[in-house]
Structures are given as C-alpha cells and as structure tokens.
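Below, each structure is written out as structure tokens.
Next come two complexes, and both contain chain A; in the first it sits with chain B, in the second with chain C.
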Partner chain A sequence: MIAEIINVVLLGLLVITAVAAIRLHDLFAVVMVFGIYSFLAATVFVVLDAVDVAFTEAAVGAGISTILMLATISLVGRWERRPAHRPFLPILVVVVTGGALVYGTLDMPNFGEQSTPVHEHIAPYYLEQSKSDIGIPNVVTSVLASYRGYDTLGELTVIFTAGIGVLGILGIRRRREEKNSEG
Partner chain B sequence: MSALGLYNYWIVIFLMMTGFYVVISSGNLVKKIIGLSLFQASVFILYISLGKISNGGPPILREGVELYSNPLPHVLILTAIVVGVSTTALGLSLVVRIKESYGAVEEEEIHRQDESL
Partner chain C sequence: MLIIVVIALLMAMALALLRAIRGPTVYDRILAANVFSTKTILMITTFGFFVGRPELYIDIAIMYGLIGFIGTVAVLKVSEFGNLGQSGPQSGGQ
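Now for the complex of A and B:
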C-alpha cells in the first residue's frame, strides 16, 4: 500500500514539473526542470519494480540529455521569445488528443492486475527458464544481452548512426571554415 | 485500489499532452526538443506501469520470492531510453546547425528569412 501512495505522490510531482516546463521561458530553467522530471521518472521506475530502467534513466535521461541540452543553449542562447498570441489551436489539439487517449484507457486492465494477457504470455517463460538457460538471476539482463542480443546490437547501430549524423552535421562546416581562414 | 486503477495511465496521458503541447505551441527549436523528451519520458512511464504487478518484486530471481513484475517492458524501455538520447542528440545538433546558418532558433524568424529569399 505504501508503494502505491509513493507512486501517486511521485506522479503528482511529475505533473507539477511538466506544467513548470510549459510556463517557463528561460531555457536554462526549462532544462533544469527537465532534469528534475527525468530523475522523478527514475524514482517512479524504482517504485514500479523496474530497477534497471531506473538507473539507466537517471544516468542517461537525467544526466546525458541534460548535458546535451545545456551545451546546446550555451551555443544558441538562453531566452525563448514569448508567443505574440494566445495558443488556442494547440490547446484544442492537445485536449482532443488527450480525450481520445483517455477514452482508449477505459478498456485497459487496472494498474497492477496480475491476470492480464500481457502477463500470461511469454514473460512467464523468461521468468522460469532464464536461470537455467543463461545462468544469471537478473531476467532483464538475460533478455537484453542474450535472448535478444541481436536487437541490442541493432540498438548500437542506431547510436553509431546518430553519432555519425551529429559529426556530419556539426563537423564538416567547421573544417571548411578552417580551410578558408588558412587560404 | 479500483478508484486508482487507471490513475497511472491518466497521469501519463496528461504528461504526454504537456510534452505534445510544448512541441506544437513553442516557437523555440530547443524547447520543442525538450518537449519531445518530456513526451518520450512519459511513454516510458506508461510501459513500466503496464509491467507492474501488485505485490510483485523486481525481476531479479532470488529465493523466497514467487511473484515478479513483467520484465519485458523493462527490456523494451531500456533500449528506448538509449535510442531516445541519440535522437535527442541528433535533433540538438540540427538546432545548432540552424543557428549557424540563420542566426536564430525561433521558428517565426526562420520562416521570415526563408520568405525574404
């Protein structure tokens, strides 16, 4: 029961930080609020039993993302221009989309329910067999690194491609400018 | 618990919609990408909520624990977090490149410069 109360409180704090991110126009403050949001999400993951996801979110989501965003605002400037007119159309779009999504949740099983299709198919196999198949107690690691090892290799390909993309976007122009200044 | 049965999903939808709102209402490209990251993080919470089983333990096998939460959403989201950061990095580098070319990261200013060409 205590875990459920903590869950409710943490989700309430997430709502406050998300609203703060909308209302602030100082991008430095927005990035800091985003860091708080990611870290709160990581604590929610601990409460919801996803410990591996929690420390990845804390290190990568709250850490690396925040650093990348700070580096960007140091290059492009800190202040957002305030919108000239009231954003009625975005509010309408968001309310309609949100309403449709809420309608979609009405058929979903209650939070924490055990006897739902998603928990009775495939997942029990990994929980029962991974100890004898792979030999380590952490099921998430077994699936990620062994059963689905090729998918993790694919993930590395995505990161590699993104790294090359960033170098291509930011690197080539710098080199050309250096050449021009030499000539 | 039935009163709170769908609470997690509704909060997640609210968080998603705040991220979505930042993306479509803000003219600043950096803030748009922050909105996208907010949206992403809320989707992660949705998946992890789906994997939770009441009174279950974290999916690390040990003596004396019979009920574990579903490990498969955790695996999916671990991958999604890392892929999410690499797309954020790519988006932010595009913003820096736009700043170099246009001298601005506000959408209206960029459109104005495009039209005056």
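Now for the complex of A and C:
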C-alpha cells in the first residue's frame, strides 16, 4: 500500500519535472531539473525493486549526462533561443506514440507475476546451471560476462565509439583556441 | 513510524523541486538539486528499512551520495569558471 502511494507521488513529481524542463528557457536550470529527474526516476526504480537499473540510471543520468550537458552549455551558451516553428505537429506525434505505448502496456503481464515468458524461457536454466557452468557466485555477472558475452562486447564497442565522438567534439574547439592564441 | 518519515521525505522532495523550478538565481537551483539528491539518499535508505533489507539499500544510497557529490562539484565549477575543461578560472588573454 505504502509502495503504491510512494509510486504515485514520485510519478507525479516526474511529470511536474518533465513539464518544467520543457517550460524553462535557462538551460543551466534545465540541466539542474534533469538531474532531479534522474534522481526521481532512480528512486522509482528502487521502489519497483529494479536495483541494477537504478544504479545505471543514477550513474548515467545524474552523474555523466549532467556533466556532459554542462560541457555542452559551456560551448553553446546559457539561454535558449526562441523556436522558429510551431510545436503542434511534434506534440501530435508524441501524443499518438505515447497513446500507442500505453495501449501496448494493456497486454503486458501483471507486475511481479511468476508465469511470464521472461521467467519461464531461459532464466531458470541460468539460475540453476550458472554455478556449474561458469563458477561465479553472482548470476548477473555470469549472464552478462559469459552467457551474453558477445552482446556485452557489442555494447562496450558502442559506448567506446560514443566516448571517442564526445571527446572529439569537446577537444577540437580547445585545440583551435590554443592555435588562435599562439598565432 | 516509517510511513511518517516517508511522507515527510516526499513533501521535502516536492518543496525542493518547487525551489528548483521557481528559483530566481542559479545558486537556488544548485542547492535545490543538491537537496534533492540528499532526499533521494534518505528515501532509498528509509525504503530499505521498510522492505526489510537495509544492508542492500544502504550500499545503493552510498553510491548515490558519491554521484550527487560529483555532479554538484561539476555544476559549481561550470557556474564559477564557465568551463569544465580548465583547472582554474579562464585567463583574461583569450
């Protein structure tokens, strides 16, 4: 019961935060609001007992992406320009997509139900065999690093490429400035 | 008892969010975000005691504290120096 109340209040605060992030025009304040948004989302994940997702949300959403957005603000300036177009068509697309997603959740199994495909397909094999197959006590680690090793390798490649891209974007300008100050 | 703590924390979260949205100066918003991260840590710890597995949830709360600290330091650095890449204030001879 109390978990439902916490969920409803936290989701309401999430909606308020999202609307505030759209309405504010000071980008520095928007970054602050985004940080609050990810802390709220991480709390929702913890209340829903998805602790590992909450770890990721806190590290990526509140930690890294705040710093990356601040770095972007120091490049592009603090104030948002007035948009050149009317937002009605994007709002229509977003509302239709959101309605389709909500319609899709109607067919999903109930929260915490045992007989879902996720719990019956291959998870019992992992839980029973990972000790004798891999030999690591932590099942999540053996799934990520061994059973789905190629998947994890692909994810690491994507993250590494994205990191190189961000470093390139942030580094080019500084080098140009140094060249200008020398010449 | 824990229910009262949870309700008080939710109200404090709402007030911090209000200050982050309304806050006239940058520092109000930085402080509001910092307060919000503290409230998140307290909320997770309280929820851990509520569920009955405090040892697991306190680990998560400690990591949230570290992340909130890093974020606050980065935000303050940008608001003070206007740049993340340099170790001190920007030199005047640019």
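By our rule, the second predicted complex is superposed on the first by the 151 of 183 C-alpha atoms of A that agree within 3 Å, B and C clash if a C-alpha of one lies under 4 Å from a C-alpha of the other, contacts with A are read in each partner's own complex, and residues count from 1 in each chain.
What we mean here is this: a residue touches a chain if its C-beta (ideal position, glycine included) is under 8 Å from a C-beta of that chain, and two chains touch if they have at least 3 such contacts.
Being a predicted model, the structure only gives us computed values, none of them experimental.
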Would you check which partner chain A:31 touches, where first means chain B only, second means chain C only, and both and neither mean what they say? both
Look at A:67 in the shared chain and tell me whether it touches chain B only, chain C only, both, or neither; answer first, second, both or neither. second
Chain B versus chain C as contact partner of A:170, first or second or both or neither: both
Quick check for you: in the superposed arrangement, does A:51 touch first (chain B), second (chain C), both or neither? both
State whether A:9 touches chain B only (first), chain C only (second), both chains, or neither. second
Contacts of A:134 with chain B and chain C, given as first, second, both or neither: neither
Which partner, chain B or chain C, is in contact with more residues of chain A? B
Is A:93 touching the first partner chain B, the second partner chain C, both, or neither of them? first
Which parts of chain A are in contact with chain B and also with chain C? 31, 51, 71, 73, 170
Touching chain B in the complex, chain A uses residues 4, 7-8, 11-12, 14-15, 18-19, 21-22, 27, 30-31, 34, 37-38, 41, 44-45, 48-53, 56-57, 60-61, 64-65, 68-69, 71-73, 75-77, 80-81, 83, 87, 90-91, 93-95, 97-98, 101-102, 105-106, 108, 110-114, 118-119, 122-123, 126-127, 130-131, 137-140, 143-144, 148, 151-152, 155, 158-159, 161-163, 165-166, 169-170, 173
Under the definition above, what is the set of chain C residues touching chain A in their complex? 3, 6, 10, 13-14, 16-17, 20-21, 23, 26, 29-30, 32-33, 36-37, 40, 43-44, 47, 50, 56-57, 60, 63-64, 67-68, 70-71, 74-75, 78-79, 82-85, 93-94
Sites on chain B touched by chain A in the complex: 1-2, 4-11, 13-22, 24-31, 33-35, 37-38, 41-42, 44-45, 48-54, 56-62, 67-75, 77-79, 81-90, 92-97, 99-100, 105-106, 108
Using the touch rule from the top, collect the residues of chain A that touch chain C in their complex. 2, 6, 9-10, 13, 16-17, 20, 24, 28-29, 31-33, 35-36, 39-40, 42-43, 46-47, 51, 54-55, 58-59, 62-63, 66-67, 70-71, 73-74, 170, 174, 177, 181
